[in-house]
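Below is one structure, written out as structure tokens; comments come after it.
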Amino acid sequence: MKYLYYPGCSLKSTGRPYDESLRAVFAALGIELTELDDWNCCGATAYASIDENQAFGLAARNLAIAEAAVTDGPPTIVAPCSACFLVLTKTQRYFEDYDHVRDGVTRELAAAGLTYRGHVKVRHPLDILIHDVGLPAIAKLVQHQMKGLHVASYYGCQVVRPFATFDDPLYPTSMDAIMRSLGAETVDWPLKTRCCGGSLSGTIKEAGLRLNQHLLVEALRKGSDLVVTCCPLCQFNLECFQKQINKNYDERISLPIMYFTQLMGLAFGIPEKELGIRRLFIDPLPVIGALKGGVPAHV
Amino acid sequence: MSDKPKVGFYWCASCGGCEESIVDLAEDILGVLDAVDIRLWPVAMDFKRSDVEAMADRELAVTFLNGAIRTSEQEEMARILRRKSGLLIAYGSCAHLGGIPGLANQFPREEILRFVYEQSPTTENTEKIRPLTSAEDQGRKTTLPKFFTMVRSLDQIVEVDYYLPGCPPTPKLLLNAVTAILKGELPPKGSVLAPDTALCDECPRRDSKPVDLQIPEFHRPHQVVIDPALCILSQGVVCMGPATRGGCEAACPAGNMPCTGCSGPTSGVADQGAKILSCLAASSSPKEEDEIRRVLEGIPDPVGTFYRYALPTSILRRKRMPAETPQAHQ
Amino acid sequence: MDIQQTSDSSGTWQPKIIAFFCNWCTYTAADLAGVSRMKHDSHFRIIRVMCSGRVDPQFVIDAFARGADGVLIGGCHPGDCHYMEGNYKALRRFHLLSRMLMSMGIEQDRFRLEWISASEGEKVRTVINDMVRRIRALGPLRLPAGLAELDGELKTREEEILHV
Amino acid sequence: MSEQNGEIRIGFYVCHCGHNIANIVDVAAVARYVAGLPHVVVSREYKYMCSDPGQELLRQDIHDHRLNRIVVASCSPLLHEQTFRTATAKAGVNPFYFQMVNIRENVSWVHEDPAEATLKARDLARAAVRRVAAHKALQPKTVSINPDVLVVGGGIAGIHAALTLANAGKKVTLVERAPTIGGHMAMFDKTFPTLDCAACILTPKMSAVKNHPNITLWTYAEVTKVDGFVGNYTVTVKHKPRYVKEDLCVGCLECIDACVYKEAKVPDEFNRGLGKRKPIYIPFPQATPQVVLIDPETCIAVKSGKCKRTCVEKCDRLAIDLDQKESFDEITVGTIILATGFKTFDPKRVSYYGYGRYPNVYISLEAERLINASGPTSGELILRDGRRPKTVGIVHCVGSRDKNTHRWCSRTCCMYSLKLAHLLKEHSGAEVYNFYIDIRAAGKAYEEFYDKLLEENVHFIRGRVAEVTDWAVIPEEEGKLIIRVEDTMIGVVRRIPVDMVVLAVGMEPQSDAQEVRRLFNISCSTEGFFLERHPKLAPVDTFTDGIFIAGACQGPKDIPDSVAQAGAAAAQALMLIDSGEIKLEPNTAYLTEQNCSGCKSCINLCPYHAISYLDDKHRASINEALCKGCGTCVASCPSGAIHQNLFEDEEIYSEIDGLLAERSPESTAV
């Protein structure tokens, strides 16, 4: 399996553990990821509300160079960041569905000497793992069964809404399925796609923290040992504001929040250095290592 | 001066095969010569255009004109002979349908000239000299006919009374025509002087064709050994017989070659190629789209195969060449 | 007098598309589009036939030769044909015919076969709008005009020829 | 009146259809334009051509102006072609000298620019005028109607249709794929708005079907093949093996007690898995026919052969046959009524309502069984976790009125939700909440029933439920299911904790509706329900003559509507049967022998084997009785020797030419 890889800005900065663990895990699964050469911002900013044409044009530039980059078969972009995935998917959809967007994008790209024919498929790692790789192949690589580990899979709002391309928009299950194939137990919590506070945490802090708190409290109430997620912003919010939440709302929360690919990596026996575990603020290894059949301390 | 009906033979864009076919009458030609007085036959006797122009209108009882119309000279002779002839008969595929020369209607005029005068392997023409329609040399003016943009059948130039189909027409058809003319037993004006049923009717292999024929693959004649007893189409080789007028007694299938359609369609069909295409595609067996595409690729050149003789008289007549502006002549 | 059909009221060129729709699926779908008031481009004209299998390639060629800029055939989805297999015959003819048309200089986008079931009124709208869009991009085909211009090279007045 | 000395005299009529056409198309301009076309003697516009005065106008003109061709530009030929043909024939002109132009569905209803629309209308009119000039007089073929009828589906609609026909003395075969007739209605406890018990009104009709001398009842059977045409259908029916001889079993049920399974272990279909049954079972006490059957998936004997076969020993009538195989019957009928019913929406598709995740979330049919005296809990309202609910929430419009699932209103949910609210309260004294978008109580005594419920102080909260969750944010919510909803009456988002949630699931087409549609050669509408010939004027006819539809297979319906439609379908069938014969559209293919070369290309193209090869003449020959008029052979004949009535090459060419002609009318010579 070969795919073009679109990391986006997050995975180059706050989301580096996601980038590192994803590459490691995909490599272990024999999936070849080629980073899209000269990719640019997906446009997941206020841009769209300022100039739609240029915003679409910005995102479409990535699609255009991806299309040019692949000669055999339809090019597929893997976009792990929820925001990138959403924006690129939206751009592709609108390009297909609306003449004015198609014309706009074509104009914008022409200015940059580019053309886009609309053949690129934008896909999420979860989609690839479930539909292309398949759970049996994942289970086969597991060296350390995550037996007895209670995992809450947290999807956030963007990967499955509004374009539910590969999973249920309100009650997705793909990440849960993957976690179970690692031997872990998944908690059935109803908040898996509820807002993590998003950018509110930086603007209207109180509102952001409240939303954030709901998720953490419910995850614990459902008996989770840790939370896995597939979104850099969610991971950041849930992990980094725990102290503040404990202070403001008199909670005692200390819940590891990691990328689902990191847990996969550990289960596959990939050294934690290659998975960016040390980059996390709340070390998940104790709770995982404590498990029978879990990851030995030395990795 | 004899009072035998005067007859003319003339050729335009043709290979000469039609002229041959007249001699193919063998000893029967003597009977014909007793009955008629041949006044015009460039292949056999000298002639001057002025002699023809000097003839009284309708002086020739019948003119058999073969060949398609590709040059201004051919157009002019056609018009003159129309005027000088009581009956004008389009003789052979080229005059009747446009014929093999008609396949040139797939190419721009310029491309044809360039190939012939510059690019063909046997040509040395470094100065890229092209013929002119008129040139002066020491006060002497010489002219050449104009090379038209497209090939036309005779009836696209002048009114034609009868058609003798075939490449070339068989002696039998010619003899029947001559006899009919002499006896004055002619069918309605504009008729093709051959049966109005398709070739299969007289094909020796007819009965070997299965009623439930489905064609799984198409082959070109050189790719298979054709069984001499079986229907050629049933062997997956394209045979134009079903869409081609009979009268030749299936000469080609009898000689173990598929019919290529030289006699054109029957009167019920406007476009010979479209009809055989419709019939063959429908009778092929695949159902999956990719499989359909693959099997039909077995007919690599639909135009050359289905319109080998009748392109200029088909509904489309000529390939569309949007780039090409209508020819402004030198 | 007759309005020049090639152009709209504002005088700009408008395509002419002939659509052969089968009675049972696509024609019914077009009716449904009507009943559902699905507005779409007007530059096509429907000819109703009982089955897409009735569409003789001669009709398609004739339509082009008479000035159509595009020809659309609409039939039932494979397996749905009211006459069991007519649409398969149409499909096979379509593939060979569109290849033939292309080598005669008629672009692929000008000749189209679509499966539209009686329930797909929306598809009638999208297919027609899309086809009109593509043909606008290609511009006019003008086969009749083209041939007429070529015939301009002929001498029609015998006096020019006969010096007697 | 035929052509005097071959002269063609055309009358053209453009219809306003009230404003439907006239608002967009300049009908006057069209009439003026057509008046200038060759052979057109009369060209008029009129408000409603299909009205009596409109048809009278036709008749009068034909008489006064010796017209011998008629063109009407109005709606779709699928709607009114017959009307105008008849009018033409009444005036003494062969009905096939008529041509219709569709300028409503194909023009005024789909285009907005009046200039473009008018231009298109002119083109279509000009094409029709040219076409009609090429028309030929035709005589339609008539075929006789076999009086026997096939009814597919044994729900209330099928039952009612079968009984109606049988009582009219017609022989009916009723085919039902389940082991018993009764359909969904048999699962209901009571029916709205009268609250009379479903079983009490249904079971008499079920046994009436079983015992009627004119009805052959085939349950556990499916139609696998349909050949022929109106009046003369040949139908193949597959009988699935019951492993019990239907004619010998008397339904004593002793075999069930005798089964080696002492306890019922298999989830039982009729009770929606809320109850259990044994591998050998009878679907429910009043099942019709009263015949047990064996489920091969769970019966040890059928599966492995290793079983004491106590059931076989027990049956002294030797009715049990563990080696039974499927068998086939072929019947001939003249007409067919499809009453194949509906399927309930699967709420797993709307994951946020928690069905399948939270045990105490039920669908309405399950609730019906829970409160049904003959249900798994014998009418006691006991939840899956054994508790008895103190609060119940009924969520309306689950899988209805929702772009993400089904856009349509399922029409029955409001009323059955009200009914369930009443019954649940009655059975358990629980607080009952209804969460609704609108209460649609359009029906005799329906609104009154709604009022009654309001007085029974059932709670009504107007708002679409966002989610059902067990996410408790306050102690009171612990252990409950919380229904999150915006109460649009007071404009706040509310969280209502309940013990039991009932999802009022909507109605959708049967999962195999598409296969059935193909089998019977009819169409489906966008939603996937069977398509009626006309939504108002032919609601139980289909586009295939002799095949009618009744009940929820055509769209969501409650019992009264289904029964009404079943009656209507039966009446339509009777109309055909009693008229004894039907005129067929004369669009068949024919051969001009002198042009046929005997190339045999056409023979294999005909799916109906209507074309044969005459070995003596070496020519093809078409049997017009077998020809259905698709025209595929016509398009293929490489000699142009095959022609099609109503769709002659010449007619289509003149239509093409007419559509594309740009010459001014004065010079348009046909």
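Labels A, B, C and D are assigned to the chains in the order they are written; within every chain, residues are numbered from 1.
As a working rule, a residue touches a chain if its C-beta (ideal position, glycine included) is under 8 Å from a C-beta of that chain, and two chains touch if they have at least 3 such contacts.
Worth saying up front: this structure is predicted, and the values here are computed from it rather than measured.
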B-C compared against A-D, more contacting pairs: B-C
Chain occupying the most central position, where position means C-alpha average: C
Separation of mean Cα positions, subunit C and subunit B [Å, integer]: 31
Rounded Å distance, subunit A centre to subunit C centre (Cα mean): 48
Separation of mean Cα positions, subunit D and subunit A [Å, integer]: 46
Cα-centroid distance, subunit A relative to subunit B, in whole angstrom: 71
Touching two or more other chains - residue numbers and ranges from subunit D: 605, 632, 635-636
Set of subunit A residues in contact with two or more other chains: none
Touching two or more other chains - residue numbers and ranges from subunit B: 269, 275, 278, 282
Interchain contacts (touch definition) - all pairs: A-D, B-C, B-D, C-D
Subunit B residues within the subunit C interface of the complex: 53-54, 72, 75-76, 79-80, 83, 106, 146, 148-150, 157, 269-271, 273-275, 277-278, 280-282, 284, 286-287, 289, 292-293, 296, 299, 301-303, 306, 314-322, 326-327, 329
Subunit B - residues contacting subunit D, complex: 196-201, 206, 209-214, 241-243, 246, 265-269, 275-276, 278-279, 282-283
Subunit A-touching residues of subunit D, taken from the complex the two chains share: 351-352, 354, 357, 467, 469-471, 473
Residues on subunit C engaged by subunit B in the complex (per definition of touch): 53, 56-58, 60-62, 64-65, 78, 88-89, 91-93, 95-97, 99-100, 103-106, 141, 143, 146-147, 149-150, 152-155, 158, 161-164
Sites on subunit D touched by subunit C in the complex: 33, 76-78, 102, 104-107, 109-113, 115-117, 119-120, 122-124, 127, 518, 521, 523-528, 531, 535, 543, 587, 605, 607, 628-632, 634-636, 644, 647, 649, 652-653, 655-657, 659-665
